[in-house]
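Given below, in the form of structure tokens, are the structures.
The two complexes that follow have chain A in common; it is paired with chain B in the first and with chain C in the second.
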Partner chain A sequence: MSRHFRASFSCEEDLLGAVKKFRASGFEIDDAYTPYAVHGLDEAAGVRRTRLGWVAAVLGLGGAASMMAFQDWVSAVDWPLNVGGKPLSSIPAFVPVTFEVGVLAAGLGSVLAFFVVSRLYPGKRAFPLLDGVTDDRFAVVLSAADQSFDESRAEEISRTYGADSWCLVDPPKASPRRPLAAMRWLR
Partner chain B sequence: MSTLMLEQPVRPPLIAGEKTPGQVTADVSRPLEGKATPLWWGAFLVSLAFLGLGVVAVSYQIATGIGTWGLNKTIGWAFDITNFVFWVGIGHAGTLISAVLFLFRQRWRTSVNRAAEAMTLFAVICAGIFPVIHMGRPWLAFWMLPYANSRGSLWVNFRSPLLWDVFAISVYFIISAVFWYFGLIPDLATLRDRFRKGWRKRAFRVMSFGWNGSMRTWHRYELVYLLLAGLATPLVLSVHSIVSFDFATSVLPGWHATIFPPYFVAGAIFSGMSMVLTLMIIARKTMRIEDYLTLNHIDAMTKLVLVTSGMVMLAYGTEFFTALYSGSEYERFVFLNRAMGPMAWAYWIMVSCNVLVPQLFWFRRCRRNLAVVFVATIFINIGMWFERFVIIVTSLHRDFLPSSWASYVPTSVEVATLLGSFGLFFTLFLLFCRFLPVIAVAEVKGVLGVGRPSKAVSRVASTGGPEL
Partner chain C sequence: MIGQTTSASAVAVAGINLTGSSTRGLRWLAVLGALSLALGAVMDPQRGWASVLFCGVSLLGLGLAGLYFIAIHDAADAGWATAFRRIPEAMMGLIPVGSLFILLAITLGGRHLYSWLPDGFGGEGFKGLWLQSGFFYLRSVIYLAVFGFFGWAVRRSSHRRTESPSGVGSKPGRGLAAAFLLLGSVTLTLASVDWLQSLEPHWFSTMWGVYEFANLFAAGLAALLLLAAWLDHHGYSVVNREHLFDLGKLLFAMSTFWMYIWFSQAMLIWYSNLAEEAIYFTDRLSLGWGPMMVVSVLLNWVVPFFVLMSRRAKRSQMILVRVSMVVLVGHALDLFVEILPPVVGGKPSFGLAEVGAGLLVVALLFLVSLRQLRQAALVPLGDPYLEESLHYHS
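So, the complex of A and B:
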């Protein structure tokens, strides 16, 4: 089990400052835990942009295209019903349903992809690395397994940025933070 | 020190009372932790009684048939479609607040969006009931879906606006529910970690999906939230446009109007905003969330009511002008009949509630007076219900042939169904207030004015700064 260094803070800006400093000093930031989305934290920690948007784009356009094709097949091929002499392939009339189904596919698809990539599912046990990170505490976790990990430097930075506590921890049986191999491209 | 002074926010804080993130958690969890107040029980039992009335009325009309309604051959749509359009419209403000205001970076929305989204969900449930009952044989409602069947080549008619409506309302419900639940997940995790034991702890554990506040998850979460907001915005515009197509694609004077889609969308947001205000004024008093839902929030929402009232007023005027200018006798007759015929009382209730009452909101003193806002929003909701009634019934009751002219009076069964839908709506809303966080905790924490700034920075200011 790889060791980690954890520093906890009670203010967003302290965490943000410490994360920037840790990164600039060459530490590997494993993760950070916050009660709300702290703006700029992902860039400061070097999290690469997620590509989940592609799921929405592909599923949305794919869902819309399939629905348009399905409606046309139903109305012009499988059950060509003459309604008031209107054309069988009445594409404009198919636009509303096409749009709705596209939105449905994009919305549901991106949420499902989010759960799969983040490895979240109903009933999963959370292993918080620190109590209170869903309330008012902020924590940053550094990889400390490496021989080159400089504990005294990490402590110094933590102290400077007003950390309440810091220590070396063995993370609990936390689930892997990286997405499944097949989904890794999405980040 | 001077740089720090410059960084002070110019705008007043969104949340009053100088809350810290920990206090936000405590304040929002408090109503969930204690026993329900007598006020809650009173409201809940009254709502439940109305719901019970609705269940009896709906069971009776399903068992007997929709001959229990006051409809006739001329007026084939009346009370139930009015209620349907009314409830769908109520829902639209929730999506406006949660999605459109999010895209416009209106950060005050964080105090209201959770409750408004819940309102959307419950309003769409109420709306969905009416067309299903209207089918007469609701157990065959699944015939509306295009599924592979054994009746040869037989499909639904994709050219029918009524079918578009099935898709629009279903998708709207699903996406609203997903959006709402997605926003709830971090707060459910907060509650999971706050409750020490008991069934609620277990329920929150299941419902929070193992959320642990990791920044990587937050990073993805924010993108997906933005995507959902971006998808819900055109969706909400499409839903009420499609509802208006139910009328606009017909050839009936009074319905056959190209102005209908924007007119309906503006009216929906107008009525929905009023309903949000009515509910939030009650909620902030009974749930003691005055610090989160300040007069500034009420003020901002009443301005939206005023703007949409202006749009609705413009639509009324345009509709009337087009009818008079069209040269079509039938168009002209329908509109003059609306304003001066046997149903003129309904038309003038609509105009006074939707055009005159909102003019109060030009005055800051009225926007910030809770009693005025409360009464005015109730009038607006009455007015918007009558708008749909006027559009539907007055357009139908004078048919092309005078021999077919008829009138319409709702039966007690129809009135009981409407009251029942209000019972359902408030029962669901009260259960939501009791068991789930009414305020988006994680979002509010992100807009706090205090509690976020650094301890280290203030030390820099006082001691000259650490050596780094």
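So, the complex of A and C:
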């Protein structure tokens, strides 16, 4: 994470109000951290809607289509087998597996796409932003990478909305552990 | 559209107050439908009675859909739908109306509809014992009594607990809802076998009960959306965008469930290829009902599935209303495909009786539900889940 400003609150209403105010004042909201889902926070923080639905749709339809084609190729082309006198290309018999594979591809694909997009992978180290943010603290992180970031204004808003701590974090140029090559490619 | 939740509580206190002019069109529609149905019945009694049975099954089904909706939510202690629970409750008022049509069809029209009814099915087997006129009428009355009782009891308990003078009522009772879900589902299965499957007494399908449930619940959700939109149009908004979103998801899911059951039944019959099972499809296909079946699949699944896939469509009242209309027409068509071929035979044709029956069902759906809505506060202010429902976020 590059230079950022973070403020933490002890209740969701304060966070929600502060997030709205930050956004209205032209700050760029990096992310908000809450121990549970807070209604309306997505809209308030201007979080872009996920595109996972598209991934699921494409993978689902693609998985279904390829499974239908595969079954037809197996049953009618590669190894024709008469089953109960039915035609070799018996589409109704292929539908259940087509459906299942469509669901499987959409489901597994969405989960994998989610992990890739959010850069989660086995063995990833956790970097807690703040103690208690998974328990009873609410935090908002503003991007301060831009040198024109107005720190005093951010502090003023934090104070107005009852933040119990705030700080501007300027992390040193650390060299994080290099992730696996495969993960770098997936990013 | 609410969103401004205060308007919900403003209209809640008094209940709806509709002037005659807003329902006059509906009353004319009902009269027109009834006349058309009667005229069709005079010209061809077979068609007429088939349409009366259609009205009965449709209206009872819509009423039961309301009852199922409430029972599922009460049994699961779900609060999201509380703001508009008066609408499915009002739909339960269709249960006695549908029952009347069914009684009319099976008593006066019975011999036109059920080929086995005059002398019984006969034979040594179980079917011979089951399909006898006296037993059939006794069962029919029991089914209608079960549906009628639960419709009455669930509605009464809901009104009692939410209109307590102290202000805050009690949570919904789970016992009654759970009892209906168990007993009602067995009853629904037997009733659909008796009233619809026995139109073709030699045919049988073990998926018939769940197929009829899929039919009635998908159609019921569409009717619920239309009623909510009608109320919204007349200034009584009880559903907000979040409620619409979830109703849209339910309609999407139930359309797919219907397709799943439809296909499962068709595929099992196709696979085993037994004469007494396949006759359902071979009869219809040889008489030329194949295109009707394809159209019903298009209307009942393809349209809702692809239109409602996007989030935006499920949150738009206008799109939901249009999809609901398509789904209602689709289920009406599907029911005609079930009833008409064995009773009327011949090539698919729709005449005065069928069109009249369709209009009558739509008109009665609105007239009866709106009448029921007038009898209680539109929003159950005393319901402890109301607050949760108004702030619902899906």
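Following the convention adopted for this analysis, the second predicted complex is superposed on the first by the 166 of 187 C-alpha atoms of A that agree within 3 Å, B and C clash if a C-alpha of one lies under 4 Å from a C-alpha of the other, contacts with A are read in each partner's own complex, and residues count from 1 in each chain.
In this text, contacts are C-beta pairs under 8 Å (C-beta built on N, C-alpha and C of every residue); 3 or more make two chains touch, one makes a residue touch a chain.
From a predicted model like this one, the values you see are computed outputs, not experimental measurements.
Novice: Clash or fit: how do chain B and chain C relate after the overlay on chain A?
Specialist: On the shared chain A, the partners clash.
Novice: Touch test for A:40: chain B only (first), chain C only (second), both, or neither?
Specialist: In the superposition, A:40 contacts chain C only.
Novice: In this superposition, which partner touches a larger number of chain A residues, chain B or chain C?
Specialist: Touching more of chain A: B.
Novice: Would you check which partner chain A:115 touches, where first means chain B only, second means chain C only, and both and neither mean what they say?
Specialist: first
Novice: Applying the document's definition of touch, where does A:71 land relative to chain B and chain C: first, second, both, or neither?
Specialist: In the superposed model, A:71 contacts chain B only, not chain C.
Novice: Is A:50 contacted by the first partner chain B, the second partner chain C, both or neither?
Specialist: Touch partner of A:50: chain B, not chain C.
Novice: On the A-aligned overlay, A:106 touches which partner chain: chain B = first, chain C = second, or both, or neither?
Specialist: First partner only.
Novice: Would you please give the residues of chain A that touch chain B in one complex and also touch chain C in the other complex?
Specialist: The overlap between the chain B and chain C interfaces on chain A comprises residues 39, 53, 93, 96.
Novice: In the complex of these two chains, what residues of chain C are touching chain A?
Specialist: Listed in rising order, the residues of chain C that touch chain A are 263, 266-267, 270-271, 273, 309-311, 391, 393.
Novice: Within the complex, which stretch of chain B touches chain A?
Specialist: Contact set of chain B toward chain A: 20-22, 25, 146, 153-155, 157-159, 161, 163-164, 167-168, 171, 174-175, 178-179, 182, 185-186, 189-190, 192-194, 205-224, 227-228, 231-232, 234-235, 238, 242, 245, 442-443, 445-446, 451-457, 459, 466, 468.
Novice: Touching residues of chain A toward chain C in the complex: what are they?
Specialist: 39-40, 49, 53, 57, 84, 92-93, 95-96
Novice: Applying the document's contact rule, which stretches of chain A touch chain B when the two form their complex?
Specialist: The contact residues of chain A facing chain B are 10-14, 17, 21, 31-39, 41-42, 45, 47, 50, 52-53, 56, 60, 70-71, 74-75, 78-79, 81, 83, 86, 90, 93-94, 96-97, 99-101, 103-104, 106-108, 110-111, 114-115, 117-129, 131-136, 160-162, 174-175, 177, 187.
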